[in-house]
Each structure stands twice: as C-alpha cells, then as structure tokens.
Amino acid sequence: MAKMKAVVKTKPVQGAEYLDVDTPKITQDEVLVKVRATSICGTDVHIYKWDPWSQGRIGEKALPQILGHEVAGEVVEVGSTVKKIKVGDYVSAETHIPCKACIQCLTGQEHICANLKILGVDRDGAFAEYIAIPESVCWVNDRAIPPEFASNQEPLGNATYTVLGADYNVAGRTMAIIGDGPIALFAVGVARAVGVTKIFLVGKYDFNMEIGKKLGADHLLYANKDDVDRVKFVKDNTNGFGADIVLEMAGSPQALDEGFKMLRKGGRFSAFGIASESPTLIDYNNGIVFKGSQVHGINGRLMFDTWFRVRNLLASGRLDISPVVTHLYLLSEFAKAFEEMMARPRKSAKIVLFPDKKEYEEARRRRGMR
Amino acid sequence: MAKMKAVVKTKPVQGAEYLDVDTPKITQDEVLVKVRATSICGTDVHIYKWDPWSQGRIGEKALPQILGHEVAGEVVEVGSTVKKIKVGDYVSAETHIPCKACIQCLTGQEHICANLKILGVDRDGAFAEYIAIPESVCWVNDRAIPPEFASNQEPLGNATYTVLGADYNVAGRTMAIIGDGPIALFAVGVARAVGVTKIFLVGKYDFNMEIGKKLGADHLLYANKDDVDRVKFVKDNTNGFGADIVLEMAGSPQALDEGFKMLRKGGRFSAFGIASESPTLIDYNNGIVFKGSQVHGINGRLMFDTWFRVRNLLASGRLDISPVVTHLYLLSEFAKAFEEMMARPRKSAKIVLFPDKKEYEEARRRRGMR
Amino acid sequence: MAKMKAVVKTKPVQGAEYLDVDTPKITQDEVLVKVRATSICGTDVHIYKWDPWSQGRIGEKALPQILGHEVAGEVVEVGSTVKKIKVGDYVSAETHIPCKACIQCLTGQEHICANLKILGVDRDGAFAEYIAIPESVCWVNDRAIPPEFASNQEPLGNATYTVLGADYNVAGRTMAIIGDGPIALFAVGVARAVGVTKIFLVGKYDFNMEIGKKLGADHLLYANKDDVDRVKFVKDNTNGFGADIVLEMAGSPQALDEGFKMLRKGGRFSAFGIASESPTLIDYNNGIVFKGSQVHGINGRLMFDTWFRVRNLLASGRLDISPVVTHLYLLSEFAKAFEEMMARPRKSAKIVLFPDKKEYEEARRRRGMR
Amino acid sequence: MAKMKAVVKTKPVQGAEYLDVDTPKITQDEVLVKVRATSICGTDVHIYKWDPWSQGRIGEKALPQILGHEVAGEVVEVGSTVKKIKVGDYVSAETHIPCKACIQCLTGQEHICANLKILGVDRDGAFAEYIAIPESVCWVNDRAIPPEFASNQEPLGNATYTVLGADYNVAGRTMAIIGDGPIALFAVGVARAVGVTKIFLVGKYDFNMEIGKKLGADHLLYANKDDVDRVKFVKDNTNGFGADIVLEMAGSPQALDEGFKMLRKGGRFSAFGIASESPTLIDYNNGIVFKGSQVHGINGRLMFDTWFRVRNLLASGRLDISPVVTHLYLLSEFAKAFEEMMARPRKSAKIVLFPDKKEYEEARRRRGMR
C-alpha cells in the first residue's frame, strides 16, 4: 500500500510528528480525498498540547492518530455504495458524523446526534496528504471558493450557526459578540453580511480586534481594560435596552456575566463558548428567567442548512474572510504553525496548511503573500 | 366617597388587615371592576409574610396597599378615554402593566416591558370589593368560565406560556415538569390538553402529586425520595434520549441539576422557577452548550396570545382545572386562607376568595362543596 | 426462489389480480418485511381504476406492479449495509423515498425531495405477503400499536402534518377542516388531541361525518346542503373573526372558495387537497394578500418528526383512531375492499387488508368485530 | 384658526388642488406634525386618478380629503392623553391605524387589524404643511435619517416585511424579486443588506432595472422580452432547484405563473403584489400543494418590529436607498410629480415633496441635486 505524509500524534505528550504512514483505505460508504488545504482549529491545539480534555476525550489508547478536521480537497476514490459523491468532486467535510438512527438524527438535528463521532477526534484526521471521509459528511464545494477558504467552512459554519441560530432573524438588529478568537471574528463577518446593524466586539488582543474591525465590527470593547464600562456602553448605544442578541464565544466568568447583562429583555443569547469553569456560576434569575431570554446552545452547524448558507456567502463574495486567514504554511511546517497558534498575545487567527507545495504557492499568490 | 372592604397590608410585618377603605377612583384610561372572585398567588404570600423580597420590591413607604392580583369581576364604571371595555363586561386582568413605548412593547413582548408595573405589587390589588384596572390590561372573559376559574386565568397563563413558549410545538412530545406548586399543576393540565404524550411530574407533596395525576401526569417522581433515580427513569422511558421538553418550575439546585440532565439533546428547557440561590450554579457546558439546548426564560404570559389560548381551553371544556382549585373562602376569611397556603406539607393548591357571600355560595354549589 | 401472494396491477384497465409472484429480493440497503397489515389509500384506488393520473404517473410500461404502500410488518431479512434496522423489528414505511443529495434532502425537507420516488407508485408495493423497503424509509413501530393501526401511520402522518405544519402552534386555537375523507377524519382526531379548542368539520357523507363527530368535531357543516351559510356560521362562532386555521382537504372549487373566506386575517391555511381543476381559480387578493395569510402546501409528512408525533399520539392512547378504521379484510378479498372504497355515498373510511388469516382474526377480535 | 397649504382631492375626477385649508385640530390621543417631507405612493396615484378602486374604497362622500400618507416631520403639539411622544420629536407615521381590540391587534398582528383605518385613505393625509396623527401610529425617527429618506420608511417597511416575512431567515439564500416598482427596488436593497446571496430581479423598465442593479441585483431579467427563458435561467443559476424565496411584487398573470415556477420545492413565496385579475388563476397544485410551498400574504409592515429594522438599516448606513429616491419637488409642484409618477415607460421611482422651500433646498443639496 502506498504511503503518504501526515502529522501524527504518536505519544501522550505535547507535540506531533511528520511521518510516512499508510494511505487510508476506504470502506464502502466512504470516499478518499486528496487534501489540498487543511486549517488548524483550537481543538487541534488541545490535542497537540495533550491537555486534560484530550487525555479524557481521546485517550492514550487511540494513538497514533492523525490530527486535523478542517479540510478541502479532491475526491480520488469512492466506496461501492457511495451515491452522491463522484471522483473529481471538490469537497470539504462536516466534522460531526451522525448515527442516522437517534431521535436527533431523525428530526433534523444530526449535528447533535446522540452517538456523534468526530473527524480528527474519534478517527484519523486531515493533516495529511489523504483522508478517508464518510459520504454522509462529504460536502461538495463551490469551485469559486479557493481551498484556503473552503477548508475554513467548518469553523465558519460554527460562526454562522451562532449568528443565525435556528432561523432567528437577526437582520436590522444589534449584536454583542464576546470573544476574539477566529470563530468570533468569523461571526463578526457573518453578522455584517446578514444585516446586523450594530456590532459590538468584546476582545483582548489588538491583532484580532483589528481583524474584527475589518470584518465589520462597529465598536471594539476591550475585555482586559477598565477604561470603559462595557455593559453600560452597550446599553448607551442601544437606546438603553441592551443588545438584541449576544453571542457568548469566550467562556470566561466575566464574559458570561457581562453577556447576560448586555442582553436586552427578551433577547437571544447564543451559547457557543465552553465555560472555563464547570459547573458554572451564572445570574440565572436576572439573566434568563426575569429577562425572558432565549438561550441557545451551539454545538456544530446545521447539517446541511448552515453549509448552504456558508457556501453561498463565500461564493457570492458577500462575505470576505481574507482578513481572518492570516497565515499559510506547508504541512511540513506544522510545528511552526502550532507555535503561532499558541502565542499570546495572539498574532494569528486562522492558519492553513498545504500538503502540496504548488497549492501552497498558488494560495500565497491569491492572498497577495510572498 | 363610598367605602369598601379590602385586605390591606398596613404594616411592615407578617399579616394584613380586613378594613373599610375608600373605593378606588379611576383615571380616564381605567375601569372600575366589582370583584366577584380573586385567588391567592405565591407572590401574595411573600407580601403577606413581608419577606426580604417584599421589603426590597415594595418597601415600607408604599404601605398601606391592598393585596392580590388574580381577579374576575364585572365592570361598573369606565374612564373617559376607554374604548374597548364597557360597563357590564365580565373581565379579568393581566397583571403586567406595560409602558407601550419600549422596544419590548413595540415588538410583541409587552409582558417583559422595560418599565413594567405589576398589579397588586406596584399599585393596589384585588383582595377587595372593587379594583381599578387600566383598560390596557383588561381582558374580557368568556361567560362560560365561572369566576372561581376566571380569576385563575392569570396563573394558568403562566403555565400555558411555560408549556407552549413562543410557538414551540409540543404536540406528540415527552415532557418533564419539575415542581408541584399550583402553576406546575396547571402546566400538567395544559400539557395533557395540548397533546404532550408523556408527562413526568417531579414533586414532593402527596396532596399535590395526586392532583397532578388527576390532571394527566403519566409518571409521578418524588423529589424528596431516593427510591428512584429520577434522571434515569426519564431516560429509560424516552428510549434513552431524555425528555423533549423540561419545565423547570421549582428553582432548587436539585431541580436545576436534574432538569438539565433529564433534557434530551436539542430539547427545550422552560425556565419558570426562580432559582433559590442567586447567582446560580448550573451545568452550563453539558446542560446547554454541548446539548444544543433551547432555554427560554418565562416571565408572565404573552399579551394577549396566551390569554386567548387559556380562554379557549377553559371555555371549550378541553381543560378542567377543578382539581387544582381546592379551596373557596369568603374574603373576610383571608387569614385562614393564608394559613392554608403556607402549610407544609401542602394541603392546598389554588384558593379563591369571594367578597360577596352569594357568589361564594354559588361557587361552592358549582364545585360540589358544601 | 420462493413465491408469495400479491395484489398485482397487470393490465392498463380497471382492476388488479391476486397472483403468486416471486418474493422480492432485497438490495444491500433494503430490508425484507413480512406484511402483517396493509391499508388502502386513495392513491391505490386511482391506480386500481387506472385513471388518467395513473396512466401518466405510472404508465403501462411499469406493469405488472404490486399495489399498496401503507404497511406494518416484521423484518425478516436485512441487506449487508443496513445499520439501524434488525431482523425481528416491527416496522412501517415512509412512502417518500428521498435521494439524500438535493437541497431539500440536505435541509430537513426530504419529504419533498427533488427526485422523490414513491413506494407502491414508482416500485412494488405492500399488498403482498412480503415487501422490500429501503432502510432509509423504514420506521420502527411501538409494539403498543397494533398492525391495523400501525399501517395507518402514513396517512395519519399526512393528517398530523396538515394540522401541525412546520411547528405552528395550534393549541387553544379554532380550526375549520374542509373535507370528510379518511385523512380529514384523522385530522379531526389529531386536532382534538393537540388542543384545538373548536373544530368545524365540513363534509358531505353522513357515515363519515358521524366518524368526525366521534373523533372530536364540535360542529358539522354539510357542504352539499344549503340550510346553513357555512362561512357565516364559522365567523359567528369565532367572535366574528373566522377560524384561526383552515385545513383544505377537499380540493373542490367550493372548498377552496369557502376555505379562504372562513380563514381569519393572519390565519394559517394548510393546502392538502389537490384542486380538482388545474390551473385553479382562487380569491388570491382577498384570501391571501390582504388577509396576510400563511398558506402552506402539504405533501407527505416530515421525515421523521411527524412519525415520532404520530407514534407517540397512538402509543400513548391520547389519540384513538378506531372509529376511522371501519373495515378489515383478508388480502384475497381486495376486490370487495376496493368496491367498498369506491362506493358513494361513502360507507367506509379506512380499510385494512391482512395477508395472514390469523392476523386478520386477531385484529377483528381486538376491534370487537366478528 | 390658522390656515395651511395642502393638496386636496375635491372632486370625483382625476386631479387634485393646492388649497388653503384649516390646519388640523388634534384630539386628545393625537399629535400634530409639521411636515418636512412626504413621498408619493402608488395608492396616491390611484386616488389622484380616481380610479374604480378609489371610487369604491374612498367614495365621493368622503371628499374633500387631503392626499398622502408617507411622511416625516416635527411634532408641534400633543393631545392631553399622549404619553410617549413629545413636542419636538422627529417622527414618521405607520399608515395602518389599528383598533387595539380585535384578535389580530391583541396577538401581534395590528397591521392586519380587523377594523383597520388607513392614513390618507380613511382620513386626511400628509400632502400638507401639517398632519394630525394618532399617537398609536407615531414613530420616532433616528435623526441620522434625513427627511427625504425618513418619509420613505413606510414603503421601505413593506419591502422589508416582504423580504423578511414573519422571521424567515433569508441570509445565505437565493431570491427572485418579480416587479420593478419602487417597493420592489427597495426589496432588492434590503435583500442585499440582509445577506441574500443571489438576487434575480424581474422587471420591465430600463430606468428601474438600472436602479435595481445599483441596489444589488445580481441578475436582471426582462419580463417583456423573450430572449431569455426566465424560469429556466433562475433554475440554471440555482443548481437546478429554483429560488429559495420568491417575492411576487407585480401582480400580473405572467408574474404569478413564473413566480410559482421559479420557486424551489419547500421554498417561500411572499405575496405582496395585488393580482390584476380577481379571482385569480394560479397553478395551485404544482405551485403550492405538491411543492410544499410557504405562501405569505404581505399587507403593511409589522408594528413595530419592521420599523425598528428599517430604522436600523438606514441609520447604520447598511442600506443606502439614494438610487431609489429619484426626484424631489416642492409640494406646490405636486401636479408635475404625479405626471412623473404616471409616465410609462417609467422615468422615476420614489418622488418626495417638500412643503417648505428651505427643506427642499437642503435635501437637494444632500442628494447632490441642483
């Protein structure tokens, strides 16, 4: 069997290795994808660091395992029962692999399937020359979207679902977005593209805040400075009512506390950030009950309603995510990329890796990098 | 000016007095209602006890003040600018008096108005022979609903809104209702009437649990007994998934913890109960974020969508709340009624008071009491 | 290969034959079901008669073909890639076979797939001892539901989706149901079970109207009698406003005209009935535009949200469809059953056929027939 | 009493007169507004022409009556019971005056009140120096919006409600807009601002189509040319599925026919255009029933949810309606303006009138006209 290059987690310590491994063999309902671009998610960083979450969620026994799950590539082989995907298709992958049998899967909530498996977490991932993907989570890309953006559709889908929720109409509304990680920045761009008319971005790092501004944030509020009363600022700029919608994408106690305070009565609170302390102390009475809030937990993206929206937003040019895609690297340079991801204060947002040098160079040219 | 009998909070200590006071004078946009029946809410008990909440919310300066806000009666006088209400109308009152100018009021959320005033809390209430009510919160009753039920439409509205939320379709779903106070019991009845197909009632008191059973609960789970693992029981009886909908109507740490655990992924959590500890510790990550839950804070009732539904449910006979209306008293017997309300273990659910002896006797006859 | 009995359309004329045919061979993603009960749909009658619709939709070239699509049975064999269904499962079938690749299939609307195939129309059906069913449309029944009811879940699903639509909250509302065919009668039962508080049933046949009354219709209005102004009657009984919801399930010009007139401003109109004249003359301006109506075309049932609701309604006993299931026959008696179905005035609602005599006798016993 | 200038319909023939009339006297719940800008609606043209609709809807007995209902101005006097509006407020008016007592008014659908009165149709309008407006329909403008745009908020509200409907999430969707009148052009702008990712505009007049292009239409399709198969074009550019949403804003038989054909299965059809032939022939079966369409009649705007969105879209600069506001005139030049409105092929979109010359000149300066 042919070999391929891959970034593999081999040992239960920080780091990963760039190795020659077997090219994946697909089962009858899978497709084999030649990876053109693959981007790094915060989850990959957790696994790279082998932090307590990774130790519990993945575990030493699962190793060695290939990292990564954000991907764009070409289908080079399809299993015998594959129907909708063809060799030559330009695809990306939904990361949530549903069982198709539970109540969630049978009622339009496959993204929170009772028996969810996750690409790059529960099976080998995309930091490689090839990846095997179940047809059920294969998504055919619009060729108008270049690979370095197409691989970002998965996290952009998180952002889009956090902004739009289950068909909540945000057009002509005000919104506070708390957090300045890459998905929060994507959320700013989506919010701007779908007609949110006032966007408050609460974050910490100049590098990211500047990106948020480029994507359309109207007001930047620093979470780590005390010059401004952030809650008061949001209220003062929303006729005293508070923001119609709050996206909590940070998870810190301060973010949760201020998020519920910034929300107007009867508003919507998208709970995307994982609370850093669990169980979590919140102002349940004032923030939810008395306020008549709608709080929506966000895990994944709608399969595949969100993907259609993301594709359309990117392919139409309505949404330009260029400012968020800050770095491109060769796959072999993964270690440098992870260093970049872990640096604080942040100096990067999304980093895309390319197994192939020619793809890498073309992408750099498209992005005006050299 | 004519005098009337009323139950008045005169001093900042437990209790109230049955006094002769001035009959209210109405302003141009109010109506004067001759009270036929008025029922006791938990809020009235808080004020009666003059507990810390009452001391902060109402305050000594507001006294003397007439208690009560659940009411049914006949309009005997209308202000000069009153348009839709006429003398002779048989009415009840929405308790939430909206400002009509804030964003909530102008977008269909008057019940959580930014400048909300509450009947019997921010102004004189209904434990009297007459009450002045702003036309804007006056609701014309269906004459098929007797006064002892009509006065209960306000708390029944809480229950109905908790069950149905903002147009969430509960028909053919499973539901766990946590709490066995009167509004939770009403919720059981509503859930049964609107096609919830499996109802788990979690409560403490035999007296109330039996009422819950009469109203349609399929499974009774005692919160204060350890013979059954309640979370496991709910899951075992919902194909392992958990309840589609959880109504949290108790507010205790145990209720909040179990409520989120009983909920299935992607389910809906109606947050009606006021948490007994504030700020509140909840399993935010597992209960909301990862689960993709929809949490909806419930405060009041939709004005007046919920009222239409409540009226139709009662007038059509689809919903029979008889088992919840456990006691009828003369208004003068208020002290006995409050004792009844405060007794633990509970021996009463809803208690209705009648200023007029003839009304009282007719109601007793209708209810088969003697 | 083993033979089985089946009701087969062999020639492009009215009628069908009871023949020995090959037992179906399943493909890898199908299951083989031993039919316990199968019920007759209006579509089967169209095909039986070989009317113009059948001639165009199915065509002579497709013959011979086995009729029928409403079914309940036991799985006796599963294909090699079948995952969720097991031998021994008690199942029914969703009739709409989706492609899983179009935008509808990928966004929760599989029931209106762009490339829909229909069981018993585009492939062999259920009027036989065995039927092959794609796993994707296989539904595991609750054993509390007997086969003569379980086979009716498919049309009951039509009714349920017509009543509930896409999460439209009908509880505590008024509803006019126009039509008295079996699915309209099911709709009456569902409406009653989910808390519709006033149900107007408009129909023609005493036999069916009586069933409608048993299922919970509050008012019977004859479409073929002029003693009552039906539109005025509905308005007079809804405070002059009109019905909150109208289910149009007849398709005649009169039904469409009166349906839109009976609807209140801002109400919802479920368009289930196929118009008998096409293109169709409607009062578009007054019935839809000025009224601000919500008109929803109903085709099939939500896959599988509606199935969950139907299962729960039946298994819980909240909904009893006994009065609609008027006749049980042996499969071999199919000709008599079709005569019964075609008789006018109607003397039957739903007719269930049993390939096996023992099943038939047990079902008769359960239904108290002899 | 002081006199003012006004454009008055005095006789039941085409035309109107510029007269000195009494300044309106307000009742206790009204405000008096000094008109800064007022724009011409198609309804005004109907009344100006005194066409059959005007003869039936308004009638000779109502004359003399002041025309116009789209307005922006300053409050100069308030009635004794007015609460939220103050002298000096910069306001516009919702045209639909609700009764506040019917089921629509009491459940969030005031815009389709059962007893609706319309400004400029059922009472004197805005083509004057002053207008009396009930407080209930008074809307406080954002000062960032100049009068010539603020008076357009009412028709822009129609467009916004047609695009967004009752909280239908259009972001990342495709949309066909049929019609090129001013409200259709506004709809293009709104659609673009709220993230519709592909907009097909079907119209007739070069002048208007060019405006549509400026506002963001991606594809222009001429309804009066046969070079392109419009339905096929829309399908070919939506992966063969058809548009997710169709806004029917023309009302011609061709528009209705093509509109339903362009719609994808399960899509949404906003019925804003008044059908030119009534009753109306539509392909009910294929366009609504089989397709599973959601058809929504649009009459007015949500009160006041749509107004908030419109205000936010304009004040934030997310939506620029400059290209639609093609002409500014002095109120005294009304006759020329009406000629302009009635010209075919169209050479104007929205025309704004100014009672005051200084306002007029400032507006021209702001718009870069001279």
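Chains here go by letter, A, B, C and D, matching the order in which they are written, and residues are numbered from 1 within each.
As a convention for this text, a contact is a pair of C-beta atoms (placed from the backbone, for glycine too) under 8 Å apart; a residue touches a chain by one contact, two chains touch by 3 or more.
Note that the structure is a prediction, hence the values are computed from the model and not measured.
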| item | value |
| --- | --- |
| Interface numbering overlap (same over half, different under half) for subunit C and subunit D | same |
| Of A-B and B-C, pair with higher C-beta contact tally | A-B |
| Inter-chain centre distance, subunit B versus subunit C - centres from mean C-alpha coordinates, in Å | 41 |
| Rounded Å distance, subunit A centre to subunit B centre (Cα mean) | 43 |
| Where subunit C touches two or more other chains at once, by residue number | 103, 107, 308 |
| Residue numbers on subunit B that touch subunit D, as the complex places them | 28-29, 81, 83-84, 99-101, 103, 106-108, 302-305, 307-308 |
| Subunit C - residues contacting subunit B, complex | 160, 164, 167-174, 193-195, 197-198, 218, 308-313, 315-316, 318 |
| Contact footprint of subunit A on subunit B as seen in their complex | 102-104, 107, 109, 111-114, 166, 239-241, 256, 264-266, 271-275, 278-286, 288-300 |
